[in-house]
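The chains carry the letters A, B, C, D, E and F, assigned in the order they are written, with residues numbered from 1 in each.
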Amino acid sequence: MTEATAPSYTLADIVADGCFVPQPDLAAMLERLGTKKNLVLQGPPGTGKTWLAKRLAYALIGDPPERARERVRVVQFHPSYAYEDFVRGYRPKGREGLDLVDGILLEAVQAATAEGDRPFVLVIEEINRGNPAQIFGETLTLLEHDKRERSEAIELAYRRFDGERVYLPPNLYVIGTMNLADRSLALVDLALRRRFAFVTLTPRFDAAWRAWCAREGRLPEAFLDRVATRIAALNAEIADAPSLGEPFAIGHSYLTPGRGRAVADPEAWFQAIVATEIAPLLEEYWYEDPATARAKAEALVRP
Amino acid sequence: MTEATAPSYTLADIVADGCFVPQPDLAAMLERLGTKKNLVLQGPPGTGKTWLAKRLAYALIGDPPERARERVRVVQFHPSYAYEDFVRGYRPKGREGLDLVDGILLEAVQAATAEGDRPFVLVIEEINRGNPAQIFGETLTLLEHDKRERSEAIELAYRRFDGERVYLPPNLYVIGTMNLADRSLALVDLALRRRFAFVTLTPRFDAAWRAWCAREGRLPEAFLDRVATRIAALNAEIADAPSLGEPFAIGHSYLTPGRGRAVADPEAWFQAIVATEIAPLLEEYWYEDPATARAKAEALVRP
Amino acid sequence: MTEATAPSYTLADIVADGCFVPQPDLAAMLERLGTKKNLVLQGPPGTGKTWLAKRLAYALIGDPPERARERVRVVQFHPSYAYEDFVRGYRPKGREGLDLVDGILLEAVQAATAEGDRPFVLVIEEINRGNPAQIFGETLTLLEHDKRERSEAIELAYRRFDGERVYLPPNLYVIGTMNLADRSLALVDLALRRRFAFVTLTPRFDAAWRAWCAREGRLPEAFLDRVATRIAALNAEIADAPSLGEPFAIGHSYLTPGRGRAVADPEAWFQAIVATEIAPLLEEYWYEDPATARAKAEALVRP
Amino acid sequence: MTEATAPSYTLADIVADGCFVPQPDLAAMLERLGTKKNLVLQGPPGTGKTWLAKRLAYALIGDPPERARERVRVVQFHPSYAYEDFVRGYRPKGREGLDLVDGILLEAVQAATAEGDRPFVLVIEEINRGNPAQIFGETLTLLEHDKRERSEAIELAYRRFDGERVYLPPNLYVIGTMNLADRSLALVDLALRRRFAFVTLTPRFDAAWRAWCAREGRLPEAFLDRVATRIAALNAEIADAPSLGEPFAIGHSYLTPGRGRAVADPEAWFQAIVATEIAPLLEEYWYEDPATARAKAEALVRP
Amino acid sequence: MTEATAPSYTLADIVADGCFVPQPDLAAMLERLGTKKNLVLQGPPGTGKTWLAKRLAYALIGDPPERARERVRVVQFHPSYAYEDFVRGYRPKGREGLDLVDGILLEAVQAATAEGDRPFVLVIEEINRGNPAQIFGETLTLLEHDKRERSEAIELAYRRFDGERVYLPPNLYVIGTMNLADRSLALVDLALRRRFAFVTLTPRFDAAWRAWCAREGRLPEAFLDRVATRIAALNAEIADAPSLGEPFAIGHSYLTPGRGRAVADPEAWFQAIVATEIAPLLEEYWYEDPATARAKAEALVRP
Amino acid sequence: MTEATAPSYTLADIVADGCFVPQPDLAAMLERLGTKKNLVLQGPPGTGKTWLAKRLAYALIGDPPERARERVRVVQFHPSYAYEDFVRGYRPKGREGLDLVDGILLEAVQAATAEGDRPFVLVIEEINRGNPAQIFGETLTLLEHDKRERSEAIELAYRRFDGERVYLPPNLYVIGTMNLADRSLALVDLALRRRFAFVTLTPRFDAAWRAWCAREGRLPEAFLDRVATRIAALNAEIADAPSLGEPFAIGHSYLTPGRGRAVADPEAWFQAIVATEIAPLLEEYWYEDPATARAKAEALVRP
């Protein structure tokens, strides 16, 4: 059978799906994920981190999305998310009292261990919206790529039996996404940081974006030039603003039409997005100085 | 049957119900809600945010209020409101211990999924009085308009069965109201912000307001001119005050009589409202400087 | 039957009971309560807020206290008071586990709904000693006078059945009392504030007070003049003090004998109250400067 | 029977028991307790607040200690003390789940109500070591002396039956003791303060103290003169020190021998107390400046 | 029988066991413990506080350690230690729900009451590592030496039966140890402080220490001279350092060999202790200035 | 049998396994562990603390890893880790309610006591990521090397039976690892510190590292020279940076290939690690100054 001779989802498929990141950069990400086992995609909101995280997972597995999805699990961290949800904890069982239940990480460990020759991926969206130090607990140590073997197993806070030891198998990969602008929510934790490789995604109002917008959104070249120029100017101002910086830039997904969604009236489309999405964001950024916020929003849509 | 040929509740009905926002602006709001799926109406207290949120929902559904209401659910966020109330959590069941119970969001998801061709609306009043990051938890990711499909489903903290995955269907719309003056209660959360379009409502002591007050409250033109002029002056002072700003302006609903409620003695009516509602508010605004607060209140009612 | 032709408790009865607030002012308060539905009586300690709150309730109901009391419920907010106590929550039921129990607000809603043609009053003492935003929760929205109808009902965090919706009936009135000096305990919450009308009570060492003290306490005119003059001077100093202000003034109830309680030795009576009540309060007010506190206390009782 | 013609415990008995406060001052305290119902004895550590609180209770009841004690209940507030302990709360009952149990205040209310013609006293030691606002909860309102009647009853957070209302009877008196030096532990709460009369106890190294020490401790006059002079000098320094003040003075009970406890070696006795009790306290007071603390301790015992 | 004529463990035995505190000082401590009932041994780490606390207890009881130990109970306070552990609290009993269980203090009260003619001692190590105000709760009042009788009993938060009152018997002694350097962990609580006598232990690199080290550790005189001189110099620098002080001095137990443990290579022994114990401590002390820390460590071991 | 004549795992084996620390230093560590019983390995991230901790344990036991592992238990502290997990606590048992369960420390105590002639080791990774004062609780006192005997036993907060006393046996050793850069997570606790000896590991880009990299990674000498020189320069800058210091240095494990893992393209390998691991770390270090961070990263890889 030749069924397994070539993977059925590759980096080229990611580009074809509408990714604006060049394919060699995608290859470098995949290489780092393969070696380091744990990767964080970071960047401003609207740069497609979540979208890319899943597709990198499919490409690592090498199966098309609908098939790969069985070996990809997706969670999102948030302030109420706890060690007990992620690793293991006691959970109510009606009249039966409390039961020790494995969280998604230990479930993924079991699945990956059972089928040790195939990669499994755990995607953690918004990894810095929770408190990763608390959520990972002692599995932090196990994440490290050179501790992915039985001899490095440790004992968890809640054990199923005396002496139970746990380790993460080498075929379990973790991809987190991290919004740098929501830094106030993040715990800057060097120990966690050391276990991950980091790749930064940036707003891409470039040729690939223009090509997509022209093809799918039927947007005219001149219009796209103007939008790209003005957003670039705004993003430069944001990057230079004392309390802001590059992580607060406007991502391209605010201004990218979906596949096959032709935009009937480009100017109205742009103005509506600026008025209800970008302008309120700028008012948040320059909260103490609403006149500046308003001027920047107007500069975007000025004819 | 022609029953469905024309919607039975339209934007024109909103205006007829006493809305002072021009109909084209309402149309733009409805368009944004349709595209972005999630909309926040923000503005100072007393600008009719809640009133309009429900009527936009009826117009989106296209049914008159009494019928549309079946597909509109209304909650209010507050500091005790939790993820467990909104999404899913364990709830006591008498002697039976604890049971996993879906909150209003997952109930709305089920209803909308079951009848996928009709819009459903969830109105969240005072969305910034709770801690939205905690209340939404991992459903934050699912809110996004381009994640409204099964392939974007994720796993929740509390699952009903192994591998249960959840997503928000495209026919479930969310409208929040947000009081900008109560900023201290809000979590300024950029990730949440990116999922919503924002529309700002402002105090409207304009022609539409005058027409309504003259017709329904039987208030004389000269009186309305005076009130409008003085409130406008006060609102300008509030907007310029260092620790205040536009979000602290006095909304028109303080000074708008209900439908058919003729005001017997306009001066007494105005003075009572100023004395017991506006003056105490100004004393709060200028807490450190009670003389200024008093002077501004007196300037309003000075003959 | 003529039994119902005239109310049997009126504003005149409040004045006769020993209220020093002029009757027209009381009428204005009652009018505001009737229109706005929710009223807060605020002022320094010892100005009779609680006493008046109940009597306004009796006058609104129009029944003498002993009969009106059935339709007046009284609570006091405090730091341990919770949403679960006031609105609805789970409560232990011995071996039966936990039961969903309505708090005093929902009980009052039921009683008022059942007898919709008669007013009911909920008195909330020390409304700012608790955390009103947490205690009211989503019923905050329902308080508003123009939301007192079924079509404005919302869903609570804890529901008795799927789709249960709750609203406050128009015949349920709320009167809060608020001690402005204990500001540190209050949550200054603009959204809550907008739902209430506010009336400020002040220390009244005036003619009405003198008349009462002379009649009931048998206190001589010259003595009362002296006390009134000195307290007025002290209250002016308190109002001007940087870290204090009018809300810290000394209320008249410190120095008002009860009905029919003749004071045997006026000087001794005054000195004891100053020594054990007013002087310790001044020591608290001028904590950093005990000499000033002592001087002010001595100035009160100096012959 | 003449048994009840004269009380068998009077203010004279308090003085005879070794109180250094003059009897007229005691009479004034008792009068205030009788009128205001609630009294706080405040002062530096070691001034006999607790000792006097109980004896004032006996004198109010008019029975000798062993008999009066049945109608005196004593508690001490502390940081873990809760509303549920003091007023009413749910308490475990083994397999029976939780039961609603009255705390000491409601028990005292019942006892006092049952025997309404006899005084009952609740002594609260260290009233400011707990959080009185939380511990008293809504009974704060009920403390007030002119609310001690059924018509002022309110509803508690936890009710035994629908509509249960509670009030404090007029024959229930409360005496608190408060250590002013531990201010950091106190919640300075004006609403609570208004319900109590306050009396300050001071260190008394006076004639009464000397007489007691000479008689009971067999201490020589010259020695007592020296001790009194030096402690007075130290207390003056403490009162003037910037971060200290009168509430930090050294109380006389550090240096008062018990009844009939003759001191064998006065100098050794004094030096040991200075070395192990007063010097460590001074080191705490002048923590940043140990040399000063040591100098002051040495000045006390210098021959 | 003469068995009880002389105590079988005395202060002389403490000195013989290797205590460097002179016997008259020990006698003074024992006298204070006998009179005040409660004693705290305070001092820098490594000054033998715990060791001495137990031996003072044996000497008070007058029995040799193996026999005295029955009447000595030892606990250590820490941040998780609670009132419920120390005094009384509800504890799980499997399926039986919760049971009211006495903590070690009430157990000691019962034991001491049952055998009222023999002393019992409760040793509390690291008394300032917990929150003593919370752990002692209302038993704080009962500690006082002149409240050790039934007539001073009070009611606890959790009572076994209505009206249960508790007091500490006079034959129950408490000895705490307190590390002054860990001040950040201590609650400086004057009320607690007043109940205890305090004795400070200091580093003793004196003749007694030299004699012990020469005899037991076989360390040469010249070596001991050098160590003593250098540590004394270092301790003087620590005492003078702005953010440190005497409580941070290096205690002698770092550098005292155990009984009969001859040191083979004195220089290597000293260097290892400096390198792995004293140097890291100095790096902690001078965290902002690692060069100074290193210089001081090197000065100790410089030939 | 000669089986036990020589230990089958020695310090020489540690060096052979790839440790860059010279063997005499390892011997000193083992000596300190033997004497002090408790040792902390501290240092910047990536200096092999965990790796060495386990191997020191094997060498102490003297058995090869696969056999020694039975007597080595490994945990990791983290913010959710509690006294109840580590020492003893109540744990759910389904319908059976709660059961008192020993944590890993008490389990290790039992195992070590049962086989008192063989060493047992407890490895605590990231000892400063939890709150050690809370996790150890009263076992802190028992850690001390001269309290490892029955006569020093104390009573725990949760006792299995009246009078149960616990001590740590002398054959139980504790090795902690501590990341100095994550200081914000550490509780600098002098009492805890005194119980441990400390050894600092530093980044080692030295001859041993070069030899390993050349042998296992097939990396050319010139390349290794360049990497070592540049990292050394960077580490010196980090050590001098005001808000950083030596604990923030880059450890060698970032740049050490695994056993037998030849690096195909050294430059690409180095650049990828710098880009995704070191550069993001530098951006974190110089968060306020991204240009400096970028310059330093570029300086590393500049040809």
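Quick note on the criterion: contacts are C-beta pairs under 8 Å (C-beta built on N, C-alpha and C of every residue); 3 or more make two chains touch, one makes a residue touch a chain.
The structure presented is a predicted model; accordingly, all values stated were derived computationally and were not measured.
> Which chains are shared contacts of subunit B and subunit F?
Under the touch definition, subunit B and subunit F have A as mutual neighbours.
> If you fit subunit B onto subunit D using the CA atoms, what's the rotation angle, as a multiple of 5 degrees?
To map subunit B onto subunit D, rotate by about 120 degrees.
> Indicate the whole-number Å distance between the mean C-alpha point of subunit A and the mean C-alpha point of subunit E.
Each chain's C-alpha centroid was found; their separation is 54 Å.
> Starting from the mean Cα coordinates of subunit A and subunit F, work out the distance between those two points in Å.
Those two chain centres are 31 Å apart.
> Could you tell me the distance, in whole angstrom, between the mean C-alpha positions of subunit B and subunit E?
63
> Quick one: subunit A and subunit C, Cα centre-to-centre, how many Å?
From the centre of subunit A to the centre of subunit C is 54 Å.
> For subunit A, give me the residues that contact two or more of the other chains.
82, 93, 95-97
> So what shape is it, when you link every pair of chains that touch: line, ring, star, complete or other?
Basically the chains close up into a ring.
> Which chains make up the ring, in order, starting at subunit C and heading to subunit D first?
Once subunit C is placed first and subunit D next, the ring gives C, D, E, F, A, B.
> In their shared complex, at which residues does subunit E touch subunit D?
Residue list for subunit E touching subunit D: 28, 31-32, 36, 39, 42, 82-83, 90, 93, 95-100, 131, 133-134, 136-138, 140-141, 146, 151, 153-155, 157-158, 162, 165, 188-191, 193-194, 197-200, 245-246.
> Contact residues on subunit F for subunit A in the complex?
45-46, 50, 65-66, 69, 73-82, 85, 91-97, 104, 107, 125-126, 129, 179, 181-182, 185, 258, 272, 276-277, 280-281, 284, 290
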